[in-house]
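Labels A, B, C and D are assigned to the chains in the order they are written; within every chain, residues are numbered from 1.
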Amino acid sequence: MGILEVKDVGKRFGGLQALSNVNLSVQENSVHAIIGPNGAGKSTLLNCLVGKLIPDTGSVMFDGQSVLGRAPYEINQMGISRVFQTPEIFGDLTVLENMMIPCFAKRDGAFELNALSAVLRQKDILQKAEHMLEEMNMADKRHMHAAAMSRGDKRRLEIGMCLSQEPRLLLLDEPTAGMARADTNNTIDLLKQISDERDITIAIIEHDMHVVFSLANRITVLAQGTPLVEDDPQNIRGNPKVREAYLGESA
Amino acid sequence: MSKFDVSRRRVLKSGAIAGAGVALPTIFTASSAAAFTNEPTGGSVTLGFNVPQTGPYADEGADELRAYELAVEHLNGGGDGGMMNTFSSKALQGNGILGKKVEYVTGDTQTKSDAARASAKSMIEKDGAVMITGGSSSGVAIAVQGLCQEAGVIFMAGLTHSNDTTGKDKKANGFRHFFNGYMSGAALAPVLKNLYGTDRIAYHLTADYTWGWTQEESIAAATEALGWQTVNKVRTPLAATDFSSYIAPVLNSGADVLVLNHYGGNMVNSLTNAVQFGLREKVVNGKNFEIVVPLYSRLMAKGAGENVKGIHGSTNWHWTLQDEGSKAFVKSFGTKYGFPPSQAAHTCYVQTMLYADAVERAGSFNPCAVVEALEGFEFDGMGNGPTLYRAEDHQCFKDVLVVRGKENPTSEFDLLEVVEVTPRAQVEYAPDHPMFAGGNLGACNPGA
Amino acid sequence: MDAILLQILNGLDKGSAYALIALGLTLIFGTLGVVNFAHGALFMIGAFCAVTLQRILNLSFELVDETQKDFLGNPLKVKTPYVEAWFGPDIGGSIIDWAVPLAILFAIPIMIGVGYVMERGLIKHFYKRPHADQILVTFGLAIVLQEVVKYFYGANPIQTPAPDALNGVVNLGAAIGMDIVYPVWRVVYFFFAVLIIGGIFSFLQFTTFGMVVRAGMADRETVGLLGINIDRRFTIMFGIAAAVAGLAGVMYTPINSPNYHMGMDFLVLSFVVVVVGGMGSLPGAVLAGFLLGVLESFASMNEIKSLIPGIDQIIIYVVAIIILLTRPRGLMGRKGVMED
Amino acid sequence: MFGLDKKDTSMLIIVAILTLFAPFILNPFPTESAMAQFNAGYPDLMQRFVIFGIFAIGFNILFGLTGYLSFGHAAFLGVGSYSAVWMFKLIGMNVIPAIMLSVIVAGLFALLIGFVSLRRSGIYFSILTLAFAQMSFNLAYSVLTPITNGETGLQLTLEDPRVLGVSATADGSIPVTNLFGLEMRSTFELALGPWAFQFNAGYYLCALIMLAAFYLAIRIFRSPFGMMLRAVKSNQQRMNYTGLNTRPYTLAAFVISGMYAGLAGGLMASMDPLAGAERMQWTASGEVVLMTILGGAGTLIGPVLGAGFIKYFENIFSKINDNVLHTWFSFLPDGMEDAVVFIIHPFIGKGWHLTLGILFMLVVIFLPGGLVEGGQRIKGWLSRRKAKDSGKAAGETNPAE
């Protein structure tokens, strides 16, 4: 039994069957990549997992509980954090504040009217956020406006924000899209480090094969809205069906 | 414009040397040595002219302000003296009021109760005004009247036509020279009877706020007393600009008279729309369809242009009147500004004169003394024939004019013609008349 | 039945004005991304183009007539318009009579000019600024424009009648055996509005210029990358939007005498119309304009008013609330436009 | 101090000093001088400054922090005023219960409207709030007249029951609003040479309440809640995917700012017991938006400055007339005097709207951050100059930055 179980999920947009019969099982503490050509339904599937879309059929269970019908913030509180394709951070806030917000969410839940105590008095949160910044190697940027940082730093910050919530499952949506090679490699190293050091499951949607094969220990290939195959990286690499559907096309 | 009128300017200049008033404003002081609010102690006295300077009634407000400036000039002995010469009371000497030079401050009511009160308060608190006057709507008049009562200064209402001003919202410190909805009805009814007969069916369109309601009530009561039926009374939103959807139902209602209880921009638009829909060419029940606008204003009639021709209504005063007072006023106003005064200008001028005269006769600016001097005061020579300031409700009783839109105007000011001067006796009513009941003058408040 | 038909006509007529103003607002918003609070002022300026032309045509020379007296007893100065003196009283008189339709020709260049100056001189600098700043600056401009008009024309409404020939009523129901009497000018106004709306839509649909503008509305950056000078076209669109508002104003003057704050009266309503239609959607703006016009007319029927007192005061807002709660982005709005 | 950091504390102290000494600061010109026209130190205007300051501070908690632009906030102010006046009519003339009721009623009203309107964001939210407020205004003006007294505004009368007070005083007038016997209108006057200063009880009550409201706003700005609100403005998507429910945050901000508006409305009625429907019109809602943006949205002090700026123009500029102008320029030769008056004439008195419109445009064009940015620029310029001067004095040994 995996930590995330997707069963028979289907989703239709008007005349387009975006997903059909998707079955997926993500094992605890694995790094599971979902790959597929453009339009294969990767993003749709991801949106079904985090509550942005509700599938027409099937079920999505996280740690034995259904996520269907729950709002994104509820699913997040269950322990799923999401990293976006383009980094989604609080651009108007400082880096430190960015890091504090998930800490508050972890401590206080989805809503807490904490209107009269000063932020600066929240020692536990401050400590945690500072610690996380150091871990992300961003302590020197703590008073910078987040919007002013480079894309690589924003990605780092976003991942750090997700980690500070101590999620059980981290979902990444093409985390290196549009990045320079050096930034990509840094991100790969960071993710490797995370999966090695932490008790965490990572599911990653990715286009870049270099990233996929450096990180994943399990891969699902999606084509035309349905899983083609699920296997180890070695086997995927050699699978002719995959080559035909995906690798050959992108090569 | 007469901005460069030298004589006027000189007066203004000297009049404003100490524009802010000499006496320390003592309004709202719980413990003060003064006998009453803003008691003038120096050589001058400050009056507050609170008129709409912005918003839809700004032109009317500008005309009121011209009248006030003229009145101040006359009180201080400048100009030709205007109606001071025809006024039956001869207490005013042309040397200011009680020998004190008259100065004034101006403010903007914006035709909003709040803004009007703020403006009046600043005149009382900051400038030391001992009397507030002006305004071009009943809501504002009632709000400012309430304020003056609390503050202990006199309020001489400007243009306000609602029954409530001297009815359920009357106040001891407030006085109204202008006529009201009841008087319009009482004056119009006999004329309408002569013109249109006793067998008519009326349809009312009424601006949906207190003034509209009191006028609708007054006109409906007066016409029903003639034997007319009222088929419908429809309330229209104040903010309405296009009245087509209110006019259309009139066509098939069986009514043969449309009464427009609208004022200002509302009146211009509803009348224009009614004429557009061909109501005036219509024949209903074998009779020509007629439109009545109970409260006319020449300034507004201009906006409706051709459409007012032949339409009847009432007004407080009109510049074509040929009595000595009116002639004197039109002459001095026309000479100074180049066009004849409006009824708003007239009532404001008269109110200022009446106040000054009352102070002079009372020998004091104390509001209570002024109230006493004005209550029951009978006068003449101010353009409306013999007039009484009734003690019970502080309403002036005088002749009311029934007017008609003129068919062949000779100038842009010559829009209305007087059909009948309804004598005072015909528009009088008991102070406890049901349309005016429910109020209480209270006691005069000298403040301090 | 007659009553309902009449109210539909009234609604379409009111809707015409709403739709024209909302159309211009949406054009500006869709192309430039600017929330223009001065759009009502453009409508008002258009109306005052008609007033101005009427005044120009009525420019007169004065002759002193000793036989008549003015109100102060001085000899009366008789005024004769130059136009009548030049063309004779008949032709001159009818030129004056047709002042409002003539003002269309007069207003188009003026409004395009006003729009051009506004865009180049002010709005241009606000593309990158927050919407709140755009609102504040255009609101300030609206106040300035209306105060300037008030300074020259006063606060009272000014009558600007339709030509005599178009002043009466027409029985629209004659053909179907019903009695539906309706003012001619209002019928003219409706068809005029339909013409303008149709013109704008076909201009955007069938010309290259329009195609580029539509593409720019959808994705400004991409079109810019194609090497097309999109800014210049947008400036022209601003001029066109100003002209649409101005013409709506010119033609509106015979329906209601114009005054300096008529723009503000329409501003809030037209914003409601635009939003109900859906931000950035031209068909949505037109549809919402007519819809709200018709519903407003129905709500002022006595039968409805007696059922729900005061409904005519609030109908527009009630409809707006219902539509926005059931359709998150108005009738035809696109996702992500002005949602944050 | 007070749980604030040093910077905030000093700002609070400066604001406190400014408000408490306002009767002096706002009356810089001797009563008899021609410039006395510009004095704003009389009770009514001073009260308005602080009351609208409260209104704008509250509005800024919503708009400045969350970015939600409400176009209907005047409705809460109006509801607050009506509640307070009804309290005066039914219960008695003490202002405390009236103000409390207005805050509560406005809060409930805001909860209702906010709950519905916050289902949408951006301009759709703005139009929803506008629609609710315009509905309230239109109904208050017409159908709801029995409750609101329509056009005239809700007033006190001699017939009101006032169960805990008296309907009429011994001398036959309506009793006045008071705080446990201290009349709101009582004013102490101080004449110092040619100057006169007015110290009004009502003003000081308003000022103290504003200081409390300002203090509370600082606390909210610096709290985790305030940070969450800024996060809402910055990125709602990230909020949702960080396990935070934005709706209760925005709703809480909406209700708090509605309560501020209700407080302002209640105070307005306490100073002058009349509640007019125009207080709820969209123009009144627009005014608070303008105050906030003009002063500097999202800054603490900005909205207060904006409120003061607009109210000053409304009350002082509208009262200047040609008469006054001629007094000022009487030192000029006659022709020049007329010319100067002629040029200034369109901008004063009935032209005060024009002046205000022009100033709006100038501020937005040149000071995108509002008046606060103007202040910062002046401060920056001064400190640069000072640095330069001291640098010179030190003989370039201490190079300026």
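Methods note: a residue touches a chain if its C-beta (ideal position, glycine included) is under 8 Å from a C-beta of that chain, and two chains touch if they have at least 3 such contacts.
Just so it is clear, the structure is predicted and the values come from calculations on it, not from any experiment.
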Least hop count linking chain C to chain D through chains in contact: 1
Chain nearest the overall C-alpha centroid of the shown protein atoms: D
Most distant chain from chain C by Cα centroid: A
Chain B-chain C separation of Cα centroids, rounded to whole Å: 35
Separation of mean Cα positions, chain D and chain B [Å, integer]: 34
Whole-Å gap between the CA centroids of chain A and chain C: 51
Chain A and chain B: spacing of chain centres that average the CA atoms, whole Å: 74
Multi-partner residues of chain A (each touching 2 or more other chains): none
Junction residues of chain D - those touching two or more other chains: 138, 141-142, 353
Contacts with two or more other chains, residues of chain B listed in rising order: 58, 208, 235, 237, 239
Interchain contacts, given as pairs of chains that touch: A-D, B-C, B-D, C-D
Chain B contact footprint on chain C (complex, rising order): 2-3, 6-7, 10-11, 13-14, 17, 68, 70-72, 76, 150, 154-159, 161, 167-169, 181-183, 185-186, 255-257, 259, 261-262, 265, 296-297, 300-302, 305, 312-313
Parts of chain B lying in touch with chain C, wherever the complex brings them together: 55-60, 208, 232, 234-237, 239, 241-242, 244-246, 248-249, 251-252, 265, 268-269, 272-273, 276-278, 281, 299-300, 302-307, 319-320, 330-331, 334-335, 340, 410-411, 413-414
Contacting residues of chain C [partner chain D, same complex]: 35, 122, 125, 129, 131-133, 135-137, 139-144, 147-148, 151, 268, 271-272, 275-276, 279, 309-310, 313-314, 316-318, 320-321, 324-325, 328-330, 338-340
Sites on chain D touched by chain C in the complex: 63, 67, 69, 116, 119-124, 127-128, 130-132, 134-135, 138-139, 141-143, 236, 282, 286, 289-290, 293-294, 297, 346, 351, 353-354, 356-361, 364-365, 368
Residue ranges of chain D touching chain B (in the complex, touch as defined): 31-32, 34, 36-37, 39, 42-45, 48, 138, 141-142, 145, 149-153, 155-159, 168, 171-174, 176, 183, 185-189, 191, 196, 198, 200, 272, 274, 276, 278-279, 314-315, 318-319, 321-324, 326-327, 330, 338, 341-342, 345, 349-350, 352-353
